[in-house]
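Heads up, the thing below is written out as structure tokens.
Going in written order, the chains are labelled A, B and C, and every chain counts its residues from 1.
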Amino acid sequence: MDNKIKAMIYDGNFLRDVAEKLLEKGYRVIAPIKSGNYFIFREIDNPERISLNFINTKKSAKEFLFPQNEGLIRYREWIEEILLDSKKRAIIGIRPCDAKAITLLDEVFLKGFKDPYYEARRKNTIIIGYACNETGDYCFCSSLGLSPHETEGMDILVTNLGDRNYLEVITDKGDEIIGLFDVKEVTDEDGKRKHELERKAVESTTRKIVSDMKDVLVNNFNSDYWRKVAFNCIGCGTCTFLCPTCFCFDMLDEGEKEGIRYRAWDSCQFPLYTLESSSHNPRREKWQRLRNRFYDKFLYTVESKGKVFCVGCGRCISDCPAGVDITEVMNGLLKEVSE
Amino acid sequence: MDENTLKKLKEKCREMLKEDVEVIIVYTRKESEPKEILTVIESPDEIEKITLSPLSANNPAKHLIHELKNRSGKIGVVAKGCDSRAIKQLINEGKIDRERVHIIGISCPGIIDYRKLITKFKPSEVKKVTLSGDTVLVQTVNDEQRIPLDKLIYENCLYCTHPTPQEYDSLLGEVREGRRDFSDIEELEKMSQEERWNYWIGELEKCIRCFACRNACPFCYCTECLVDPTDLAISPMSPAEEKASYPRFLGKTVNAQDNLFYHLLRVIHHAGRCVGCGECERACPMDIPLRKLERKLEKEVIEVFGYIPDGDVPFLARLDILPEKETTSGR
Amino acid sequence: MSESCDRSNQLDQFEPKIIAFACNWCSYAGADLAGTSRIQYSPNVRIIRVMCSGMVNPAMILYAFRKGADGVVVAGCHPGDCHYNVGNYYAKKRIVLLKEMLDFIGFESDRLKLLWASAAEGKKFAEEMIDFVEKIRRLGPQKKMLSIPYRI
């Protein structure tokens, strides 16, 4: 699939121009804008509002494929309406780690049982990414085998070479869009500059994580290490809600004679997450719930889907109120075990 | 918060561990960045881990309750002015046993907003942050920079009423005066009703209902929270109808009105109890100005009821307090 | 008033929905007395009997607004006369603070009313209700805190 990547050069600001073109064609364009002290994805109607001066946005882009509140069915005496959303959307300016996270969400929602709501949104969404020419202090995608110029999960990847943009077209959907623009051939110098930028971005990454922890995790489930690590944790849901790959949800009904059944983001850090109907709660203590998060990301998903469910965006580290750090926890476990 | 205080703190901790204290809750530095977190030390060889700097932001009160439950001996804790007030209020509410706690009070000049710091420096390049008088000394890998404290201080610390702890067993640092200042609340009150509504809806639209504010607050300890019950009172014998019809004031819908419901309710429960530690605003990942709501409540409790939140009897239980004068909005 | 005379269709006029939490011992008995004495007052008021005005939680009041109530009344015994001695003091503190906070966030705090009515004051209860309904009718329908997911 990746042999088909075509590269070309665009003179100008591709992301702004493609936003304009897609708005004309009736797409809902979602792009990063500055809001207060941070950047966030929003549906825009004016391409001038797009701001690309960031390492990464505060929230990930998963809320456009898997919203925090999604109506499933509306009911009166019986099911009135199944609320599938097939609007055409384009997510522009997404970073490679978040786009890779979307492919991980595809593993959950599209393999095996196909989730019709996710499928309707995913089929009608175009993803145009923006490569990282510098990495932040919280980024660690390269330790997980990803690159700041990764193309997986995108239709088009845009790299900023200064006065021009280097475009990589990955899918047929991307091809159609490129057809609307005038593009040039890639010269050797362009290729060299792009590789230089990629190399510099990878080398500037200061944070590292040991990701192949399967055996260590299996053998240390009952270790006291997890109680120590959880001393600080306050048990909120910040890490799970900002994480681009966390996908747990709860389903609730609201309304009596007529109402709506909707699903909402849930967090494994909330105590009610594993409360069973018999009133038994297998993860009653906070340290058990914190331990579950690391195990789910680095062991359980590896066992069931073959992939580590972490893309190295670092949001859980920068926004954790208590200072729980996924890289320090995993590296610390390895150190503790080897002592 | 300077080098001198840190040295004295380390000595004090060494003394305490030799005497009667089982563990001490102290601040320590994270490995990968200069942020400080709380940790527990049990033996004198962990003394070197202790740090104390203008980045020591976390409030140890909730962790203290947790440790008191899990251990049987005496527990020491390093507490700034606001932390000490929180511990005192928790003692009044019966959550902490005063006999089992040894409080090392630190007189605090104000805490640095970490998010402001990392707009000026790259975290991995900062080696050390210390305070010298009113200046913050930031030592990076290249050089040392001096920044006045009020360029980096938390907005909440500007309105601190008790920088020097009032409940302590030992006190370090020079005594400071606090002040009560509601000028920013008064600014907001001057806006028209529509402007105020638009301001709050705009801010609360950002909320993702992660409950970091509730979990970080020392006084949100109800196990059956009104909006998100953490400990439903069901048993294996509860019938299905009871479980299905459990009252739910708020579901998981996340929109500006429901977020308003949650935040307003949370703040009302802190009438007369909030000590102003600012953990709620610091914990919020979306930078919502939660302290403004709490301080408005504090202002009303003081101005309408004449009650200064320092007493031993909880505000709501004081029967001699009824509104002394007309409410500030004349209702 | 001439407007309502011109209108032939009475249903055009906005009918507010008022929820009243009335304490069992005094104000609910007062409302009952208004009923047995055949004193008319606006049918817009839906009374919920609670044991004491002190048990009314700000969550219940905000929930009423969330579900579409245009006004909320909390009615209890006069200070000093509470059947449980101090419940109405708690209610007074809570409602005063809640009104201040609602005003601060830009919601019309006039929509919340605290009323002391004893079991013998049937007439007073009815009069206060009529006044309140007219006040809410002038303020108009409450849209700010309204949040019904399936209507959106």
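Everything below uses one rule, namely that a residue touches a chain if its C-beta (ideal position, glycine included) is under 8 Å from a C-beta of that chain, and two chains touch if they have at least 3 such contacts.
Being a predicted model, the structure only gives us computed values, none of them experimental.
J.: Going by the touch criterion at the top, tell me which pair is linked by more C-beta contacts: B-C or A-C.
T.: Higher C-beta contact count between the two pairs: B-C.
J.: Just grab the chain with the largest centre-to-centre distance to subunit C, centres being mean Cα coordinates.
T.: A
J.: What chain is most central when centres are computed from CA atoms?
T.: So the chain nearest the centre of the shown protein is B.
J.: If you average the CA atoms of subunit A and of subunit B, how far apart do the two points sit, in angstrom?
T.: About 31 Å separates the centre of subunit A from that of subunit B.
J.: Could you give the separation in Å between the centres of subunit B and subunit C, each centre being the mean of its C-alpha atoms?
T.: Chain centres of subunit B and subunit C, defined by C-alpha means, are spaced 37 Å apart.
J.: Roughly how many whole angstrom separate the Cα centroids of subunit A and subunit C?
T.: 48
J.: Can you list every residue of subunit C that touches 2 or more other chains, as numbers and ranges?
T.: As it turns out, subunit C has residues touching two or more other chains at 149.
J.: Please output the residue numbers of subunit A that touch at least 2 other chains, ranges allowed.
T.: 69, 254, 262
J.: Considering subunit B alone, which of its residues make contact with at least two other chains?
T.: 251, 253, 255
J.: So in the complex, the part of subunit C that touches subunit B is made up of which residues?
T.: 57-60, 62-63, 66, 79, 86, 89-90, 92-94, 96-110, 144-147, 149
J.: Tell me, which parts of subunit B touch subunit A in their complex?
T.: 30-33, 35-40, 58, 62-63, 115, 118-119, 122-124, 206, 208-212, 214-216, 228-232, 234-236, 238, 243, 251-255, 279, 282-287
J.: Where on subunit C does subunit A make contact in their complex?
T.: Going through subunit C, the ones touching subunit A are 148-150.
J.: Where on subunit A is subunit C touching in the complex?
T.: 69, 71, 74, 254-255, 258-260, 262
J.: In the complex formed with subunit B, which residues of subunit A make contact?
T.: Residues in contact with subunit B: 35-38, 58-59, 68-69, 137, 206-207, 231-232, 234-238, 241-242, 250, 252, 254, 262, 264-267, 270-272, 275, 277-280, 319, 321-323, 325, 327-328.
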